[in-house]
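In this document, chain identifiers A, B, C, D, E and F correspond to the written order of the chains, with residue numbering beginning at 1 in each.
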Amino acid sequence: MSKKVVTLGELLLRLSTQGCKRFCQANTFDAIYGGSEANVSVSLANFGVNSYFVSKLPNNPIGRSAEAFLKEYGVNTDYIKLGKGRMGIYFYEKGTSVRSSKVVYDRDNSAITKASVDEFEFDEILKDADWFHVSGITLALGENCIEICKKALKSAKKYNIPVSVDLNYRKQLWPFDKFENTMSEILKDADLCIGWLDSNKNKDFRYNTANFAQKDFDESKYIKIFKNMCKSYNLKYVVTTLRESYLADNNGLSAVAYDGNELYHSKKYNFNILDRVGAGDAFAAGLIYKLVSGSNYKDALEFAVAASVLKHSIEGDFNLVSEEEVKNLLSGNIYGSLQR
Amino acid sequence: MSKKVVTLGELLLRLSTQGCKRFCQANTFDAIYGGSEANVSVSLANFGVNSYFVSKLPNNPIGRSAEAFLKEYGVNTDYIKLGKGRMGIYFYEKGTSVRSSKVVYDRDNSAITKASVDEFEFDEILKDADWFHVSGITLALGENCIEICKKALKSAKKYNIPVSVDLNYRKQLWPFDKFENTMSEILKDADLCIGWLDSNKNKDFRYNTANFAQKDFDESKYIKIFKNMCKSYNLKYVVTTLRESYLADNNGLSAVAYDGNELYHSKKYNFNILDRVGAGDAFAAGLIYKLVSGSNYKDALEFAVAASVLKHSIEGDFNLVSEEEVKNLLSGNIYGSLQR
Amino acid sequence: MSKKVVTLGELLLRLSTQGCKRFCQANTFDAIYGGSEANVSVSLANFGVNSYFVSKLPNNPIGRSAEAFLKEYGVNTDYIKLGKGRMGIYFYEKGTSVRSSKVVYDRDNSAITKASVDEFEFDEILKDADWFHVSGITLALGENCIEICKKALKSAKKYNIPVSVDLNYRKQLWPFDKFENTMSEILKDADLCIGWLDSNKNKDFRYNTANFAQKDFDESKYIKIFKNMCKSYNLKYVVTTLRESYLADNNGLSAVAYDGNELYHSKKYNFNILDRVGAGDAFAAGLIYKLVSGSNYKDALEFAVAASVLKHSIEGDFNLVSEEEVKNLLSGNIYGSLQR
Amino acid sequence: MSKKVVTLGELLLRLSTQGCKRFCQANTFDAIYGGSEANVSVSLANFGVNSYFVSKLPNNPIGRSAEAFLKEYGVNTDYIKLGKGRMGIYFYEKGTSVRSSKVVYDRDNSAITKASVDEFEFDEILKDADWFHVSGITLALGENCIEICKKALKSAKKYNIPVSVDLNYRKQLWPFDKFENTMSEILKDADLCIGWLDSNKNKDFRYNTANFAQKDFDESKYIKIFKNMCKSYNLKYVVTTLRESYLADNNGLSAVAYDGNELYHSKKYNFNILDRVGAGDAFAAGLIYKLVSGSNYKDALEFAVAASVLKHSIEGDFNLVSEEEVKNLLSGNIYGSLQR
Amino acid sequence: MSKKVVTLGELLLRLSTQGCKRFCQANTFDAIYGGSEANVSVSLANFGVNSYFVSKLPNNPIGRSAEAFLKEYGVNTDYIKLGKGRMGIYFYEKGTSVRSSKVVYDRDNSAITKASVDEFEFDEILKDADWFHVSGITLALGENCIEICKKALKSAKKYNIPVSVDLNYRKQLWPFDKFENTMSEILKDADLCIGWLDSNKNKDFRYNTANFAQKDFDESKYIKIFKNMCKSYNLKYVVTTLRESYLADNNGLSAVAYDGNELYHSKKYNFNILDRVGAGDAFAAGLIYKLVSGSNYKDALEFAVAASVLKHSIEGDFNLVSEEEVKNLLSGNIYGSLQR
Amino acid sequence: MSKKVVTLGELLLRLSTQGCKRFCQANTFDAIYGGSEANVSVSLANFGVNSYFVSKLPNNPIGRSAEAFLKEYGVNTDYIKLGKGRMGIYFYEKGTSVRSSKVVYDRDNSAITKASVDEFEFDEILKDADWFHVSGITLALGENCIEICKKALKSAKKYNIPVSVDLNYRKQLWPFDKFENTMSEILKDADLCIGWLDSNKNKDFRYNTANFAQKDFDESKYIKIFKNMCKSYNLKYVVTTLRESYLADNNGLSAVAYDGNELYHSKKYNFNILDRVGAGDAFAAGLIYKLVSGSNYKDALEFAVAASVLKHSIEGDFNLVSEEEVKNLLSGNIYGSLQR
């Protein structure tokens, strides 16, 4: 029987310019929905997991369309509340070549930021769950979201459910100090941390997983930081992706994982990019899927990297690929051969 | 030399589903910009007026695109401020046949609602102006907008500039009581009122010009209300459109104007509808254009109705028609003949 | 608690030319999914019913997309089987003015025509259901479909669940004789029949509900036929829509219902048409929704006609309207007024 | 065996704004090809005629695409020359409701205006032809086009082939005097004239067939003018359409034909309009098709009017309908019924 | 005078998702037509060949549109029959980066699979032809297609016309054994074979030309296989392309040809990919064009490789490039310089 | 206060096929406006310059849309005349991979070629200007354009305004001899020349800046030519870009500048290409912006190259990037990192 995995977060309306148009050239926006933990849930559903997303959406046609969008991609939306507040929006301009992609957030006062902790019955939601996942973005949305998350973690602990946390620092959403303090507390209830957090580091160093460049990879530095994290927060695994950005549409990607003992470095891929939003979430989903299915952390890491690499070839936030497609990439089959 | 007309209001991002798709069917939105007073300004620019729009927009790519959009259509944007706050948005689903159009507002906390009265130098802006126009929508946006509007009216009075006010009641934006109290005060500084306001009326009667049905037209009732308004607010003219809605895409339209003395009823048109948003603003612009150019109020009314009818055949909020095209319709030329 | 309604049928890929292009002008097709009973299920889901669709789809990306499409619109797909066979297709060219719409069927050898009667556990499916619905189209698809349908009817009878049958004769799918013989047998297990079937009639008279013209309406003729049907098939109600086609995009519609006793004629509507496919299914869903909710048949008929009229303003096969929207139309509110 | 019909004219690139956008709103143009005589040729090809179009196009990718476009729709392009000169263009903005459609011509210096009379071997082209057709537009393009046309008429006379001339006055292309003088000379070689030409008439009366309003129809006036034409130019038939323009997208149409003896008035249709360009050419093609096939002029007129009415429901310049579809409309079948 | 080349095969409707969307994201399909031998015919027409395609299509609007599509691109369709059966379809999802393209065939029961060998008069068709071409795909479609092909080969032999066969193994269409047996028989009537067939080989080795990787190129191995083929089937030339797939949108390509004596290896190209479908057909067309025009096989091979490389930059199945464009690439001109 | 920069040239309607479609596949054209000097003006406006474009456009809806387009992008259009003549057009087919982009000019008889030298009051236009720019394309348009340009240069000299000339040779527009003679004369009034002109050179060497390949870079050769130019024309700077074309969508770019003394070679970039039209104009604008702002020529060159490289990532002719974005690229930030 398939595993039940629950994530908690916000679902946003993503408004993207078409093709590679700049915002000032746009007279149409592609409208889809996405958000870190929702992306994880969709990816898990694609792998056959019994996938639940917990959130709150506005009870208007836009909010209901967002919920329908998740249903279409196989996520169970029974725990999504509809109510007051607006739909969070992010405007997205896809970069190309030497021009970076741009995100304009318009997510203040969204429904989840107005939600009350009482609306979510995590004891009910998690009682038969096999995994719980949340990212730092959700924690950044306000005190009520921190409380909601803590309530979820408490239920997870009660039922002894593994918890993964993706740090996902977003400087547009909160100051680094607040991020650091909040996530340090959250990590104490986690088993798996994606990204890293080092209180000794210089603060203008960006703690986003996306900015670890593999070209500067220094194993000993990583081991030191990760060992410290495992000890401080009692984590089972710390993992992070290593990305090299050659052009906005051409990157390299690998990842490292530490199990308290050993640092394992995955295979590295070089590839073109159709849409990189959600690549980190695809990575998280790959990890969770394999770990909840009983894999060892090295196999899980390889699977997660391949899943994340594949995400770059999919339009939108969601990693709409099957387990079989990830395995094909992992198995080293020639890329891009046409099967007829 | 062309006249300078100044309007004050909010410019919104309008996100419309394509064709006649429902919100739940949309995966793309057409993105244009519009808003009651901005619509008036664009229409005036198309008639050759030296047209200024005063507002505040967010200093981000969306806000700057909104400003560029106005420039493209000939409006002078020198008095638009860029700063904090978000872009106001409205989602629009065009109705057809027996299905009504739907608007979902998402305009709270927009830049203009965060603007300070000190940002706008109306003594400078209006010193060489020939007309000032504002609508009830702007007054509905918050206390600061009421203050900004009052400052404008004070400058207008100082320079003896005619003022028009379109009541434009929007029940989604404010309660009727607040509307009534605010607009009663504003009207005291106005010369021309579009729509009507009768403190003796039952409050669930909707005071929007769009809902005067010409089929129920009772001249004596109108004269009584309008006479009362002229007296109470010291108005020169009260005008209102009369609309009959047969289907979402087929309506009838005429208008009446009262000059304190006589009620004049315009020609009536029956027509199909491509996009009815902004038809009231096209009417206001037609009136202002003719009055500021020295027409009598009857000619102005006929011109305004024809302009408004033409607006229904234009996609978007703006009435992108020339004076010549309005005159052609007025002159009774056969509709729709193809000139080659 | 909401009612459970089950329908049985085929879901097709609909490939429509864009706008009003002819097939020979098309270089793109809009791709959606639809089919008579699926349309009924979606409409019921929109009214808040716990709506199930029973079918078989090909286990390939197209078939899985079809299932996801139903999920998006709120239908429970737990009873849909994935397996061998192709996706049924219909090509659709929307007519306008004096040009009729055209359907090219390409549905032979679809998955459901290859399904075995053993794949569907109707005793399980229907044991907690409140209504079962099927249309003549499903019966036309082959002997296995007739067997599957009969199995469903047997279970419905076992649990004493009301059954509705929409005759839906399609001359492209089967000869009239076969239709008449098959449906006569099926109707014996039904409570509600949509459309009519008169073995005394001249055979080239088309028995599709869409072709009863209200302009030729002769009450006594209808009563005679309907009374005969009620007796022959032991039906509770016989209903049919009456359509007048002025232009491909302008029609009139009403309906009549007979309860074994009295012929009730609904209000008539004249309206423009965006997409008329599925209007009969919207009618059926309106009837079922009201009857399963305990309405009398006259209220149900009025609701069903208004629902069907609204369908003509929705693109695609599905009637994506809420109960509130149907009620607004019923209540005689002015069409097409814009609510802001 | 199917008849060979030859037309002579210009094929233009038509650049239309999408939907009903105004020129100033367009950031995309739909690109098709059309032109009066080419439209006739395509319509004839659709009726099964062996249809040839004689012209000259620029030998560049645009000109070659124009030729391919004709081939796609079944016209034989063996007599089209490729060479110097530019592609003639017309920009088209589709009107709706009270707003008229607009044409901006950009056709000066096109390939055919640079063609030499020697390039076209009409003795070869017409030796096995059954009909020759040309319109006033071609004559308006320059002295070389007049010469080319006269050469064609000479060959037609040589082989005793019936000739039809559609007057098609375009005021943007030439002054009325020049039109009148040129066409008077051309008509002497014609058998069938579409439109009318009366040297006694006031010149600002527009001689385009599109502007005969049927509401002002005065039979005796028509008979007088037509009788005069038959005599002056030795014509067999004079025909003209009568159009009433209610809205840009709603018209009425009928036609009259005079055979030197009797004025026959066709059935009248009221209909909605998708695209009215080419409706006159569809009418001409209907007439030619029936006359070349041996019909009497009354049947031909009815067929031509029905064909022309159908054209209004087809996007683009071409009347992409079959003989069967015209006959269905003629036979009075209910409009817009859906055949499944 | 230009050469007459005849191909025999199936024309399919290709339904592609737009951009790089996955099937589950598609709500629109681009609709074009293509198929191996039709692709060869179009490419030949672009090179100025008198190009004929022999096939059967359904006599419905889709089949007739398919025929018109070929006409548009210059292929003579006089030998295409219209009749019973459906239009063969293939759904196409374009891959990018590490994600492969996907084809879903839906071509069973198409018109050509229902065609009778008597419908095609190859003695008439080929009597003045200069070349005949067919691919293994056509042979895979059923016994009737094998019979039709053999009839064609018999006529070709009668008139001594060179015959080329592209093996084109498609594992979705037939098992390898059947392929091997059928094609061995067919090759006996051929002069040129594209691809290779070695009865001594392990069967799970894929015999598709697309999977010869140049990085593993071992000349002696090729010579052995090709020599054997020349002897067994009495072939004049055996050729095959060598492809390296770096990413779905970045490949390398070269080709080898064997004339019974010597193995010639062409220049190798590395390039980006817009659409790789039909690249093999572009190669075949390049070869045929040059050989039928009298080139030696080495020049023909270089031309064919350059033509095939260019195909990857063209959307759709057809290689819409001129001889001059192929020559420019061959001549080593800097890629992608802009000529103004 | 921001600097006033004036350019003189033609604004064209650019009709591009969508995606990478060939002309023969196009049924839609993207319609934007562009032209060498207008592109420079827009880029300057984006950098905050008070940017004016002097030209003439047709007084029809297309010409007025062109003017509105410039306004939208911040250019002051007060000096643009509207009058007789047509809109210049260029058709554009974007290449990809090994296929080059194609331009089909259709610009003869455009409004500016019909303009009179008296229409432009350069003494008025330039009296408060800080820079004047023109390119060889404008000079190629006819004798009247040469006269207009000379009048501008005379005014520039009168007010001592720096002048830049981009040679921009277009072989489709004029013969090399005429270009050489005309530009030699023009350069005498210039301070900065982009591109080079050497009367000793072989004439079939193309003098377009786009064709200096950096792989063949020979410093001494450049110094010799540039020194000669500085002397002959009394220039302050000669600069040129060096481009390497690997594929139509992958190039390398750097530039060299000579100040009469020293040859400075900029950083070189390798990048993918979305749209390369206007890259030279982006380079010119970068140079002018920095020089008019007081930078030294080396910093100006680096800025100009980075700006030009960024242009390749923007759709359309205009370089819609801010100074900050150019600086980010210059500062060597990792390409394509996503800022959230």
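Annotations
We adopt the following convention: contacts are C-beta pairs under 8 Å (C-beta built on N, C-alpha and C of every residue); 3 or more make two chains touch, one makes a residue touch a chain.
The shown structure was predicted, so the numbers you read here are calculated from the model rather than taken from an experiment.
Path length between chain B and chain F in the chain contact graph, taken as the least number of steps between touching chains: 1.
Comparing B-C with the candidates C-D, B-F or D-F, the pair whose contacts agree for more than half of the residue-numbered pairs is C-D. With C-E and D-E as the two chain pairs, more C-beta contacts join C-E. The mean-CA centres of chain E and chain F are about 45 angstrom from one another, to the nearest whole unit.
The centroid of the Cα atoms in chain A and the matching centroid in chain D are 63 Å apart. The set of chain D residues touching two or more other chains comprises 22, 24, 27, 68, 73, 102, 273.
Counting only pairs that meet the touch rule, the chains in contact are A-B, A-C, A-E, A-F, B-C, B-D, B-F, C-D, C-E, D-E, D-F, E-F. Across the complex, chain E meets chain D through its residues 68-69, 71-74. Residues 73, 269, 271-274, 309-310, 312-316, 320-321, 325, 329, 334-340 of chain A are the ones touching chain E in the complex. Listing the residues of chain D that touch chain F in their complex gives 15, 18, 22-24, 26-32, 60-62, 64-65, 68, 86-87, 89, 91, 93, 102, 104, 106, 108-109.
By the touch rule above, chain E contacts chain A in their complex via residues 19-22, 24-25, 95-103, 105, 170-172, 210-211, 213, 245-251, 273, 276-277.
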